[in-house]
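Below you'll find the structures, each written out as structure tokens.
In what comes next, chain A is part of two complexes: it sits with chain B in the first one and with chain C in the second one.
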Partner chain A sequence: MTQSPFRSRPMALLFLSPLILLTALFFYWPVAEAIRWSFFLEQPFGGESTFVGFANFRRVLSDPEFWKSLKLTGIFMVTASVPAVLVPLMLAMAADRGLRTSRIARNVLVWPKGVAGASIGVIFGFIFNPFVGILTPLNQLWPGIWSPGTDGVDAFITLIVANLWNGIPFNFVILLAGLQALPDTYAKAAALDGAGPWRQALDIRLPLLAPQLFFVLVLEFTESIINAFGLIDTMTRGGPGGATTLLVYKIYADGFKGYDLSGASTQTVLLMIFVLLIAAAQFLLMERRVKYER
Partner chain B sequence: MIETRTSFDRICMGILWLGILFILAPLWIALMTASHSAVDVMRSGLAWYPGPHLVENVIRVFTDTRIPVQMFNSLVVALMTAVGICILSFCTAFALVFLNLRFGWLVFATIFGTILLPVDIRVVPTYQVMSNIMEPFAALGLPVSQISLVNTHIGLALPAIAHGTGTFMLRQFFRTVPMDLARAARMDGAGALRFMWDVLLPLSRPALAALFVLMFLGGWTNYLWPLVASSTADMQTAVVGLARLATDGDSRAPDFPLMMAAASTVSLIPLTLIAVLQRFLVRGMALTEK
Partner chain C sequence: MRFLTPLAALAMTTAAHATDIEFWYGNTGSNEKAILAACEAFNASQDQDRVSCVGQGSYEAGMQKAIAAYRAGNHPVLIQFFDAGTLDLMLSGAVIPVSEVMPDAPWDSYIPGARAYYETADGKLFSQPYNSSTLLFYTNKAMLAEAGIEKTPETWEEVIAAARTLKEAGVSCPFATDINAWRQIEQFAARHGVPIATQSNGYDGLDAEYVIDQGIVAQHMNNLADWHEEGLVRFDAETKAAKYNAAFSAGECAMIEGSSGGYGSFAEALGADAITVTLPPMYQGQTRHNTFVGGASLWLMKGHDEAEVKAAQNFLDYLRTPEAQLEFTAATGYLPVTQSALDLLESSGRADAPEFATAGPGMETLGAPGNADTRGIRLGFYVQFRDIFAEETQRAYNGDITMDEALANSVRRGNELLRRFEATYAAN
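Our next item is the complex of A and B:
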């Protein structure tokens, strides 16, 4: 890229400082505070705080509840992200055919962007209700087969379905944009060589879509555990028996319901480390396999 | 084209219709259930067909719940978020791309870092900071008094504004603007400000519109931060109010039609926005990726 002809340090300072100030105040300062508090024992209602070294970390890391919710977070990340990427992928590949249906689909499939996770959680909570919901006939045939209120797996499934519903717009749009940016010379060459539509889809379009797939998957991993909060809070409240208490929900409960500021801060630090590690691991593992040249 | 592909296209069409059905079914059920009475729903389960009580249930949402004032809160917070992000990230991205900063990459990295850890992950310390935003300055030894932004509109919007996505999107867009435009402007005697206002701003109108729609929807649909940062029902956003309505009534039998009517009402404004401004929204999301 060629250089811009403008250069003005005072103007740059003027333009940059508002956002830098805001990020410092509402991003870097809270992050720093979380780290600081994880080394202090705070009294719930003000008062003195005492430096305790790694005692908070020892307490959290020896708590089986923490490990359970960390494990659930990991499980949710994978089981919720995979369908939330695969389903939009199939939809995008189908919509890319330029059929008449795809015009409607491209409009309707972005609607969930306007419905909050908590709102669709309220709706899905009702739809999956074992007594008045859509699966009630199942329960009449086999009593107790569908019971998200007592069965952790059922509750987990409702979260995954709701998360998929919410995740479709963004992933669909990105993947479809990626597909439409592919030059159609590939398709023409493949067709000349006798490749049918299936072969073209699997051996040409899918590999060429790798960068977008990678991008969408990286974002979906973080997105899923964030979106999960609104769903959990409206559908399962962490239950049954803690089966859906992901770390985001546990931190909220510990910090704002249990007034355990030190514990919540320590777990926040651990969650931040977890999220950053996942992102780093995805980059190291997957970027090597993705070819960016087209 | 060369080969026949009817069977493949038929499968594609099937997939698309399944997708459309999956998206529309919950919204349809919510709307239909909202048109029945609570007794009917308790007796015969969720509704697939319209009933006679829709207007009555919507009126109950407006008279019996705090949803109306909460929708006003959502509107204020979403507008603040969208406008704030558009202005701030336009200025920031402009400085980063067009003002030749020596440490521009460092500034960019600082702002980009915020994308990695959204506010939902660090909600506990962010709440503590918001309840006394002067603390960092006090820590520097400045004589300032305590100011809490908890339970204010601006406090609800600020963490979303202090976020890098908008800057990132506009920076990507600015880099596709030919630098020759800037040089031509310079040759015609325009300064940086004039170039920004008379050349770059008109060029960026579609990108800004896309960013605005995206951030407005984000501001409307946020949940965890508005939940903790609003302490009274009259300051909660509509989504928080809806969730409270659905989960706090543990004592009585759940009033599903009222809940569904509230869910439909709360989602009406963003859904209308999407249906009308669909073009901008799609462009906005696609811009995130480039």
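Our next item is the complex of A and C:
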């Protein structure tokens, strides 16, 4: 069916090798190491390590802190991903129409992609500062109502907003490209039949956009689990009172601040399993409804 | 710099063979400048050894990088590590005790409070105390005077009475602190002569257990929560400056309990005459014991050749000279911790100079009589316990749980860390 552009297999492998090498070095090898360490009690500076079988897993799985941060991870995954897909979807639908500013908007909306997560964290830290940020007037009316430094829910909201801002550009580009690839004959036919813009959007453009929507949703779900790290480290450091200690940050804190290499590795393995399960569930439940053929 | 001459002469008598070594440190700001100045002065004082001093951004980052570097085999010979990592390093097998490498150095000159923190129960000194600080009490004179408070508070009862007066006078932040265990329980328990964990804070065995949920420590933590509720005590995030010490520098908060190492920046911001620096407050009727030495010390790492270790020793010898210590103290507010440095300070007639303002109260609180529980903290995975303590007490201040629940949780989670530490090092 599809024909390989390369005549010989070795040639293909040669071109692939840099990528395979990088992936092996920065993904497969650390993963293998994490799995190995999860069965040992590993001393921070090397030295003696003790094989403990599944003891690390038993300890982590019976630790309420682990389940608390896994729950927070799940909450963040849903509350952060859904707006990070819906908002770009609205923006893309708006920019897809032939409005006067849509050309400019298409450019401007991509820019945030160039900003690193840590930088976004620093910027939003200022924006949401209770004393000098945009919500300061709220505090003047009702003192203490906005306090991300001490209130866990407020801190969680700042993370969600920062993650949304970070997620807009990529999702916007994908969704806009999907929309622009739709043949306008469908829309014209629908218009002839008397369908208004809303009906066209809901019954024609959205179903036809399903492959792209599925794609960004899967990516956003898995990314929100991992990529929140940069935001957390710069904005909340897992606080206040552990309210934003998602599993990815807990792994960092346990491993790098607590020198608990075994516990951190064990949780890394569990987090990988969690991500795989989420992705598998999405494919099983949702992909059946996605029609790639148009 | 007259004190450089004898060292320079010493350097010339030894074989002229330049050894380059690296030294990693974690401080930033004015303290970093003082460290770099000491490195330059050492390099200028002789041409046998060259030390290049590399900043790591923070104590924690320094420790993380040291672990990674040691595992990869490209660690430097000399590293500054912070107080909380002491036991992790002692058992790491990655360091050589300084008293073993340099048995003839004048270790006895170190004041007991500074030495005990880095010493094993059988008298082996693991690291050389460097930037030594302790907890002190600071007030903003003008803010207190404006509220009609003439006497600097000395007890917690007086501190809180003053805080009420300040609050009534319209001061939004009477007393500021943070939720760091160093301030809230370590220094508090030490000067009140009680432990935070059994086995004398772990000095007598790895099977220690936390006891911060009982006695005067628990009482104090509950008081802090009540005073916070009353609006007398503010924590980092509740100040405009977002950090208790910056809030003091900005004139937002009237009183703080803070490290002696912070004096330099407070004096710079407010003026040395505008602040008081005194012993940290006690509860009435309690006997004052010594506070712990905080800050960091210098560790010799394994895996380097003789010449490099020798060069590191020369640098340590230089930093230990009374002259170098006073130079560093004057620039930072850290304390001189050898008797010889204190003698030099006395004889030089500079003891009353503003740049040595912390030396008086600092030495008084470090030199107060001690007991078995005031030698130091010898608990495993202690850095992580500090985070757990901060997380749990933060929830109590927010009203999510009671302070007693927060302390019970800290003890439970802390003891799990201690048991795992015990198991991790059981093979040694």
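The rule is simple: the second predicted complex is superposed on the first by the 273 of 294 C-alpha atoms of A that agree within 3 Å, B and C clash if a C-alpha of one lies under 4 Å from a C-alpha of the other, contacts with A are read in each partner's own complex, and residues count from 1 in each chain.
Everything that follows uses one rule, which is that contacts are C-beta pairs under 8 Å (C-beta built on N, C-alpha and C of every residue); 3 or more make two chains touch, one makes a residue touch a chain.
Note that the structure is a prediction, hence the values are computed from the model and not measured.
Colleague: Just checking: does A:L284 make contact with chain B only, chain C only, both, or neither of them? Give me first, second, both or neither.
Modeller: Touch status of A:L284: no partner.
Colleague: If we overlay the two complexes on their shared chain A, which of chain B and chain C does A:F256 touch? Say first, second, both or neither.
Modeller: After superposition on chain A, A:F256 lies in contact with both partners, chain B and chain C.
Colleague: Between chain B and chain C, which one contacts more residues of chain A in the superposed model?
Modeller: The larger set of chain A residues in touch belongs to B.
Colleague: Once chain A of both complexes is superposed, is A:G152 in touch with chain B (first), chain C (second), both, or neither?
Modeller: Second partner only.
Colleague: Where does A:T50 make contact in the superposed view: on chain B (first), on chain C (second), on both, or on neither?
Modeller: It touches chain C, and chain B stays clear.
Colleague: Touch test for A:L141: chain B only (first), chain C only (second), both, or neither?
Modeller: Once the two structures are laid over each other on A, A:L141 reaches no partner at all.
Colleague: Touching chain B in one complex and chain C in the other: list those residues of chain A.
Modeller: 129, 131-132, 256
Colleague: Can you list the residues on chain C that touch chain A in the complex?
Modeller: 60, 63-64, 67, 70-71, 88, 91-94, 235-238, 240, 242, 381, 383-384, 387, 390-392, 394-395, 397-398, 400, 413, 416-417, 420, 423-428
Colleague: Any idea which chain A residues touch chain B in the complex?
Modeller: These residues of chain A touch chain B: 1-9, 11-12, 15-16, 18-20, 22-27, 29-31, 33-34, 37, 87, 90-91, 93-95, 97, 99, 101-102, 104-127, 129, 131-134, 136, 165, 168-170, 173-174, 177-178, 188, 191-192, 196-198, 212, 215, 222, 226, 229-230, 233-234, 237, 248, 251-252, 255-256, 261, 264-265, 268, 271-272, 275-276, 279.
Colleague: Help me check something: in the complex, which residues belonging to chain B touch chain A?
Modeller: Touch list, chain B to chain A: 1-3, 5, 8-9, 11-13, 15-17, 19-20, 22-24, 26-27, 29-30, 33, 41-42, 45-46, 88-89, 91-92, 94-101, 107, 110-111, 113-114, 116-130, 133, 135-136, 158-159, 161-164, 167, 175, 179, 182-183, 186, 191-193, 195, 217, 220-224, 227-228, 239-240, 242-243, 246-247, 256, 259-260, 263, 266-267, 270-271, 273-275, 278, 281-282, 285-286, 288-289.
Colleague: With touch defined as at the start, can you tell me which chain A residues reach chain C in the complex?
Modeller: Result: residues 41-50, 52, 59, 63, 65, 129, 131-132, 147, 149-152, 238-242, 245, 253-254, 256-260, 262-263 of chain A touch chain C.
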